[in-house]
Each structure stands twice: as structure tokens, then as C-alpha cells.
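Each structure below appears as C-alpha cells.
What follows is a pair of complexes built around subunit A, which joins subunit B in one and subunit C in the other.
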Partner chain A sequence: MKFKVWLGVVAGVLPAALVAIVLFLAVYSWPAIHFNGPGFVVRDVWNLGNLYANPVTVHGVQIQPGASYGILFLIVGTLLSTLIALLLAVPVGVGAAIFLAEAVPDHLRMWISFFVELLMAIPSVVFGLWGYVVVIPFLSRHLFPFLALTIGRVIPFFAGPTGSGYGLLTAGVVLALMIVPIIAATLRDALVNQPASMREAALALGATRFEAMWRVTLPGARKTLIGATFLALGRALGETMAVLMVSGNALNYLPRNVYDPISTMAAFIVSQLDSALQDPTGLAVRSLAEIALVLSIISIIVNAAARLILVVWGNVQRSMAV
Partner chain B sequence: MPEPRRAEVSGAGGSAAGQHAAESGLDLKPSGRVHVPSSLEDGLPTGASVGNAFVDDPVFSCRDVSVFYGDKEAVRSVTLDIGQRQVLAAIGPSGCGKSTFLRCLNRMNDTIPGARVTGTITLDGQDVYDRRRDVAQLRARIGMVFQRPNPFPKSIYENVAYGPRIHKLTRSRADLDELVCTSLQRAGLWSEVKDRLNTLATGLSGGQQQRLCIARSLAVQPEVILMDEPCSALDPIATAHIEDLIDELRASLAIVIVTHSMQQAARVSERTAYFHMGRLIEIGDTDDVFTNPQHRLTEDYITGRFG
Partner chain C sequence: MAIAIQQAPAPLPRRIRLSRRIVSTAGWAVAGTCLLVLSVMMVWILEVVFVRGARALNLSLFTTITQGTGGGLLNAIEGTFVLSAGALLLSVPLGVASGIYISEYRFSRWASVIRFLADVLVGVPSIVVGYFGYVALVEWGGWNFSVAAGSISLAIICLPYICRTTELALRQVSNDLRDAAYSLGATDRRVILGVCLPAALPAILTGVLLALAVSVGETAPLLYTAGWSNYMWDGHLTHSPIGYLTYAIWTFINEPFASANALAYAAAFLVTAFVLVINIMARFVLDRRARR
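Take a look at the complex of A and B:
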């Protein structure tokens, strides 16, 4: 009995922590929520106001004169960089998983998989520094001008100017590299564990190894692929340090093309905390907390959606089978 | 006592001891006493079997075929022919190599790491193990049905259409519909599924799934179908369905069926091959093998003394 109680306490701590964090953010940022209103997510100006003037009271909240908080540019930057990362990472991750599952002999697979998974263990600041030193010079000198002249002719969002190299596409590339191992490792396990009988059936019908993989084994693992993609999406949404170092850290700016500097919600909280602390009314920090609240809610919705999709799909398949 | 006809081909590994055993009197007619084989010693030189291993105008010709998994020899020096439009049953106790042998014929053993096949197998006179051969094309000419029904988790239609699609056998959707329909008809499944072609195949009963797998093979228009214990997971009624189906299919193609059930072998096949510990012991017309077995091991197996 005592044991059960203790287990209950231990198991209860984690959901409680989630609720406590969200509640804390909501309570702490309440004055900001009250002052900013729903326009918080559609305004694209973040302005601390005149920090040398005396605070004034607006709607019952003390603010510095001229203060205005809007995070549309952060939401746009976060969603676009995540989208680019997923567009790059899903095909590469699927390709890597197929390669690991199909083309690599068993004894080598363990080692190669090990190195793929080690990529997940690298601290994100290392990715950031590597992006800063290696990726940015390469992309800005070689790839971006090329992209602007080729894809840019067709899709205006890819047209120049190609800028400094700090920006949306760079952030997407670095993020993609960080989430490829998540997709590759998860999907590889699912592919290897697919029932051999399906693969045998396809091969016996005269399918090549690729046809068997592409039309039988991979579709069998599509639930895992979707789950892994959402896992990667969650990671990309919340990634802070690497993005901060390569995104150009734009303020109050909506990207006009794929090379433009951006900032994301997570990176912005870090980069603005110091200046926000200069606000004597404290409203700037509370507004940062409101960003954190928005980010948490988006992440929770993404994860919940992932689970919902899996559950609904699972039920659809089961009911069709009856 | 008739002298058994031995296969002409003798394997390279034919040992002096084996030859000696063969000459010093095979106990071909059973003495009636209970004999439980305790060793590989079957009294035959390597590569030889009793009965008639050959037919005129064979689909498959196997000469001295051995299969190794690493160092282990799973099939040793098998020589036999498989005739056109004929059902050959492979029987024998578990682990006797009959399934392994079956999987050599369409090179499914290639997918097993460490598996190695020696000897020659020809399909219509062409070497199956030729290095230049396109294995996928080869397998398309040879259908295969497995022990457990293994339809893809797709619709019934898509299961049958899979082969024609990957081999681009049809030009139009109407042709494909036609091919799916005739394949299902040949497999005796059409009347049961024609109203629900777009439902998941995994929702069918086990016997229907197995007939779907046969339809899926037929859609690629193979010359031979290999069946690896196709009824071992099915109930008696589903088994009877499959056996009727085999009887109809023998008019148009050759079938090699591995089975644990001697009754099944007797019912469906024209020729029977008895395998024992990786070796082909006896092969001949099914009636002869079951009513007048020439080798002691065959006799012991079919009379139920072991197996």
C-alpha cells in the first residue's frame, strides 16, 4: 500500500510539473497578457518604450511610455525555419533510414547507426558554432547566389538579395541537421522490425529491393515516420542556441525572402532577456514570459496533434479491417 | 526385388564409404521391424536417390544442388527434374531441407546472409544462378506462396495489382481491372470478394488470404508456383479449397508444394520427393512412392514410424 502511494507520488510529479510550469507562466505574464491583448500575436513590433521616462499607467498596468509588444515576426520566423528544416530533414532522414535498414550489412549497421545517434548527442551550441564558422560562409558564398539564380527565377521567395548568410535558410539547414538523426534512427528501427513476410512476399513477386522497400516496407512504417516527424518538429520549434547563432537575430522584421534574417521565439527570449531586465516596470520580462507561454502552448498542441493523428489512424485501420 | 534406378549424377563428395554402403546391400524392402533412424546414414552415395528423378521436357532441372548456411549444409546434392504442368510434392520430417530446397528455385535464399548454393538449377534450360541474371525478373516467372498467408496491408484489389504494377504488365486501368478479376477468378476467390475489392485484405479469413496470395502470384503470370506448406495455418475446409485450386491450376502451370501432410501430398501431386536430413532419398510417381516405397527411410516415414 505504502509502495503504491509512493509510486503514485512519483508518477504524479511529472504531470503536475507540466501544469505548474504552464500555470506559473500564465500567472507571471498575466499583466502582460492584460496589457498586450490578443494583438500580441499579430503585431510585428517589439518596443520596450522610453526607458528613461517615468512609467505611466495604461489599463491599470504600469508601462514605460511608447512600449508595445507584438511577436508576429517571431511566430513567422519560428514556423518558417521549422518548415524549412522539416522539408530538408524528412527526405534525408527517410533516405538515411532506408540506407541503414537495407544497404548496410548487419555488423556495420550497428556502428553506422551509433554514429548517426551520436549526432543527437552533440550540444546545440556546437551546432551553432559550426554553423557560424562553416555553414554560413559556405552557403553565403556558394549556395545562396546559385539558388537565387536558379530556383529564385521561378519562386520569388528564393530570389535575392542573398544577404550575409545569417538568416532563415541557414537556420533551417542547421535545424535540419539537428533533427535528421531523430527521424533516421526512429524510422530505421521501424523498418528493420517490419515483418519479414511482407518483404518476402514482395520479393517473391519479382519486386526489386527498392520496390519492396518503397511500396511495402516503408508504407508499413508510415505511422512511425509521422510520429518521428512530429518529434522532430517539437525539437525544431524549441531549439534555441543554434538558431540564435545563425538566424541573424532580426528584430521587428518580417523576412522578404529565404535569405533574410529572422528570429524565433525561443532564441528571442534568450537574446532579449538582458535588455528586458532594464525595464523598471517589469512588463518587458513578463512579455517574454508570455512568449514562453505561447511557445509552450504551440509545442503542446503539436505533440497532442501527433498523438491524436496516430490514435485516429490506428482506429481507422482497425475498423476497416473488421 | 527390383533393382532401384539410381540417379546418374553422382556428387563430387561421393565418399568411398557411401559407395561401399550402397553396394553392400541396401535394405530396400522393409523387414517389418521398427526402425528409427538415428543418423544421416541412409545407405546412398551422395547425390543419388532411388526412384526416377528425371522427366522429359522439364521446367526446372536441378543437378547436384547443395545449400549451405555458413558452414552448415542444409541441402546436400539434390538432383531432380520438375515437369511441365505437373505437381511435385516435397515431403519429409521437419528440418529435412525441403523448404530450403524450394527457396533455391526462385533464389529466395539470396536474401539470407551466409546462404550459398552450389550445383546447377536451370529454368527452361537457362541457368537460374547465372551472374548476369536479373533476379527480380526470374522471380516474376516463379510464383511463391508461403506458410502463413502474407497479404500486404492494402486493399484486396491493390494486393493483386501489386505485381502487374511493378512489372508494368498492363497498359490501362481497364486492363489492370481485367487482370485482377481473372487472377481472382483463377484463384477461386472472385465470387467471395467481388463486392469488396477495396477493403483491406487483412480482414479476410485465413483461407481467403491464402487464396488471395495465390491470386497475387497468378497476376504476374508465372510458369511455376512454389508453395511452402500453404495449408499448415489453415482449417480443413480452407485446405480443401486450396487443394481443389491446385488441381485446377495444374492444367496451366507447374507446382512444387512442400507439405507436412502425406495425405495432402498423395491427394494433390503426380510426383513425390522424399527428403531426409538434407538429402533427396526417393523420388517418383506419387502412387509408387506411397504404395511401393523402395527405400527403407521412405517406408518408415510414410508408415508413420517417425516424422
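Take a look at the complex of A and C:
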């Protein structure tokens, strides 16, 4: 019995780490939370103030004159890039999972799945390198002008100017590739494990194999698909290095079209810490901690939802994406 | 009957409407294209990393330290291993212990809480962990950029992976083994440490290897905890920054100098090759065990 208690205490390090992260960020960013107020998430300006002036005290917090912190442009950038990533990744992931589960022979399936799912193992900074070196030139020279001339005629958000290649759509494309394997792997597992009898019944009724998959097997795995999409959402929201390298790191700028530079909450923390450290009052660094706090709470909610959907509702004990 | 259908799908009757056949064929074509796109992207990434990386590789990378925007990567290679080793040193005992707890006492409420929070912790963005490390260890703890701060941040990332893979490894151990041990009068401790753990050891080690791959590939948690150094590690746990390979990828690819870009490609080659080799090895170990 003592052994169990001892193990239980050691295992408590996991919850402790999670609590410590949220608590430390909350305590550290408290002066910033107090100063920024709820307007933090709707203001569209990140301004350290006049760094050469003497600090002034506002609402009991020392700030540089003119300092104002708002992250609307980051929230917009994060949500839009994640949305684009999901819009690209969910159909491709579903298609790949369907094909792997049904059209690929058993002995090949394992190898092809493994090869495609190795994408999950590639470090995000390598995705960033790939995006920076080859995807940006490719998209900005070939795909973006084409998109602007075709879709751009119909949907103004896709119209030019197509910019440098660093921007919202590029970030969305790179993010999409990072999250597709999560969706494909989890869904393929669920599809293969669907009861064969339903599929056979559909075939016996004269459905084609595709109809049996699309109308019977796939709907049976919809809870897994929703859960996996939440997992992918959580990953895309918090992705840092790849976005940092391809998004253009916009500051105080809302994208006017899909090619415009953006920044996300995660990438902004990395790109701004150096300049935030120039603020002698430390409020800029604390405001960055507030961003990290917001991001951690969002990701905790999204991931908790994903696990509840997968484990409780969808009865999946473990997805491929850990 | 079921087997017969799976092996040879019933031939479609001729009378299926043409429109349905077209939709079905088009459906498979679209699905196949999705898979093809994914595979092509994977090949493209590997091509960029390995072809350009191989061109940048040479012996002096492994023998000299970084000098400005050139030189070698010895300091970064050493740093990556020091940081990852530190992370594993911290996260393996804790992770394996908590994995044992949530597997062997899986019906207790505390176990389900930990299992759930481990899954949530996996999803916390690595930059959040990194910024926590900066705030708590570098600033508040006063350690400055250091091996200790970097390793602890990485350990937080590895911990839930190791915990969950240990749990799954132990769940593969047959209950007959546990029953047999208990019937001989063994205590919980003997059963777990003497019977279950040895049986699950290969799978647990696989999980540890995968956690090592994750820690070698991470960048964001280290940027503001480990810092960067052009020199070899001086052996101090705190107050001295250390280099690592992923930082070299991120920084040196942005430099306008060919020598710096070559360092970035070489670092990307090393990191990706290491991560992929570990994943492939882990897959073969797991696969061999699964077939047995």
C-alpha cells in the first residue's frame, strides 16, 4: 500500500507541472493583466511606449509613457492561419485515411502509413526551413499570382497584391502539412477498426466500395474525426517555429488579403522577447507572459475537449498522435 | 463469409447506374490524390533537407565550434546531447513512475486525473513551456540562460510522452503474469518492479527513445531558457548558455552568408536524420514485438 501512495505522489509531478505553468504565468503577468484590462484581446496595437522617457505610474503600474498592449492582430492571425490549415488539412487527411484504410493492400498499408505519418516526427523548425527555402519562392512566384487571377476575381480576400510570399496563406499551408498526419493517422486507425459487418451489409445491398466507405464506415468514425480535428487544432494554434519562419511576423497589422503578413500568439512571443526586454519597467515582458497565459488556457481547453471527445464520447483509448 | 468478402470484393453488378460508378471512381481518385499529395510533400521535405544537407556536410563540422557565421557545429552537437540527456535524466524516472501508477492503479480516480492531464500537457504549446521556463527559472530563479533551465523545460515536454508510453507498455503485459505473481504472495512492489516492468521494458525503452527524438527536435522551449553559445559547454549547470542544433537551423538560415546557410542545412540534416532513425528503429522494435 505504501508503494502505491509513493507512486501516486511521484505521479503528481504531471499535474504539478501543468498547474505550475499556468500559475507562474498568471502571477508573473499579473501587473500586465491589471494594466491591460480586458481590452487586451480587442486592441490592435502593441506599443512599448517611449523607451527614452522616464517611467510613469498608471493605475499603480509603472509604464513607459504611451505604452499600450493589445493583441487583436495576433488573435486574428492565429485564428485565420489555423482556419486555413484546418480547411486544407481535414479534407486531405480524410481522403488519405480513406484511401489507406480501404484501397491500399494490407501489406502495403503499414509501410505507406508509416512513411506519411513520419511527417509527425519531423521537427517544426525543419518544416520552417523547408517553408522558408522552397515553399515561399514556389508559392509567391507560381501559385499566388495564379490564385489572385482566378479565385481573386470572385473572392476579394484572395485578390492581389500577392506580396512577398511571407504571410497568412503560406503559414496556413505549412501548418496544414504539419497537422494532416494527425488527422490521417487517427482516422485511418478508426476506419480500419470499424466493425466489418456494417460495411459488408452495405456491400450486400449493392453499394459500391466507395459508397460503403463514404456512407457507412466513415460516418461510423465521425467522433474520432471530430476529436482528431480538435487535436490538430490545438497543435496548429500553438505551433511556433514553422509559423515564425514563414508568416512575415507582422506587427500591429490586420491582414487585408490572404497573402498579407501575419503573426500568431506563439510566434510573437519568440519574435518580440528581445525587444520587450528593452522596456525598463518590464511591463512588455509581462505582457508577453499574458499572451503565453492566454495561449496556454486556449490550448488546455482545446486539448481537454479533444480528449473528452476521443476517449469519453468516441471511445478511442489512444490516437496515433500520442 | 466475412473473410471471403474481404479478400475478393463482390464484382459490381452491371446494372449499377453510370453516375454512381463515376462518383465512386472519382471519389477514389480524389482520396488517392490526397495520399499522393502527402507523400510528395514528405519526399519534398526529405529531398530539401537531405540533398542540401549532404552538400553542406564535411568533417570540420564535427571538429570545430561555431565562429560568427561559419565554422563548425561541435558546440551545438554537444549542447543538443547535454540538454537532451538532462531532460531524459529528469523525465524518465518521473515519467516511468507516473506511467506505472496510471497503468497498475488504473481504476483509481487520481490515475484518471493524471492520464487526462498528461494528454492535456502534451498539447500545451512548446513555446508556452519555454516562456514558463524563462519566467520561472531564468528570471525568477535567477539561473540565467543555462543547461538546467533548458533541460527542465525539455523535461516538461518529454514527461507526458514517457508517462503515456509506459502506461501503454505495461497494459500489454498479460494479467496472467500479475495473477501468478500475486498468488505466490508477492507484494504490489514485487509484482510491478520484478514482473511487469521487465516484461514491458523494451516497449518502455522505445517510448524513451521517441521522447529523446522529440527533445532533440525541439526549438521553442530552448530559445529563452538555454540561450545560445558559440563555445563548448563549460560544465556549469546554471549561469552559462549553451548551443544546440535546432537554434542553428533557425538562425543561420536567415543569414545572408553562404557559410551560415550551409551550417543551417547541415544542422537540419543531423537533426532530421537522428529523429527519423529513432522513429524507424522504434517502429521496427514495436512491430517485431507486435508480431510475436
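Heads up, the rule we're going with is that the second predicted complex is superposed on the first by the 301 of 322 C-alpha atoms of A that agree within 3 Å, B and C clash if a C-alpha of one lies under 4 Å from a C-alpha of the other, contacts with A are read in each partner's own complex, and residues count from 1 in each chain.
One rule holds for everything that comes next: contacts are C-beta pairs under 8 Å (C-beta built on N, C-alpha and C of every residue); 3 or more make two chains touch, one makes a residue touch a chain.
No experiment lies behind these values; they were computed from the predicted model shown.
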After lining up the shared chain so the two structures overlap, which partner does A:Pro105 touch, if you call subunit B first and subunit C second: first, second, both or neither? first
Mind working out whether A:Ala228 is in touch with subunit B, subunit C, both or neither, as first, second, both or neither? neither
Could you say whether A:Glu200 touches subunit B, subunit C, both of them, or neither, answering first, second, both or neither? both
Report for A:Val216: first if it touches subunit B alone, second if subunit C alone, otherwise both or neither. first
A:Ala89 in the overlay: touching subunit B, subunit C, both, or neither? Say first, second, both or neither. neither
Name the contact category of A:Val270: first (subunit B only), second (subunit C only), both, or neither. second
For A:Thr208 in the superposed arrangement: first (subunit B), second (subunit C), both or neither? both
Does subunit A have more residues touched by subunit B or by subunit C? C
Touching partner for A:Leu139 - first (subunit B), second (subunit C), both, neither: neither
Which parts of subunit A are in contact with subunit B and also with subunit C? 197, 200, 203-204, 206, 208, 211, 322
Report the residues of subunit A in contact with subunit B in the complex, numbered from low to high. 105-106, 195, 197-208, 211, 215-216, 219-220, 317, 320-322
Over in the complex, which subunit A residues touch subunit C? Could you list them? 1, 3-4, 7-8, 10-15, 17-18, 20-21, 24-25, 28, 91-96, 98-100, 103, 110, 112, 114-116, 118-119, 121-130, 132-134, 177, 180-181, 184, 196-197, 200, 203-204, 206, 208-211, 214, 231, 234-235, 237-241, 244-245, 266, 269-270, 273, 288-289, 292, 295-296, 299-300, 302-304, 306-307, 318, 322
Note which residues of subunit C are touching subunit A in the complex, please. 2, 5-6, 9-10, 12-13, 16, 20-21, 23-25, 27-28, 30-35, 37-39, 41-42, 44-45, 48-49, 52, 94, 97-98, 100-102, 104-105, 108, 110-111, 113-114, 116-129, 131-132, 134-136, 139-140, 156, 159-161, 163-165, 168, 187-189, 192, 213, 216-220, 223-224, 246, 249-250, 253-254, 264-265, 268, 271-272, 275-276, 279, 283, 287
So in the complex, the part of subunit B that touches subunit A is made up of which residues? 106, 108, 111, 113, 136-144, 146, 148, 150-154, 162-163, 166-167, 199-200, 202-203, 213, 216-217, 220
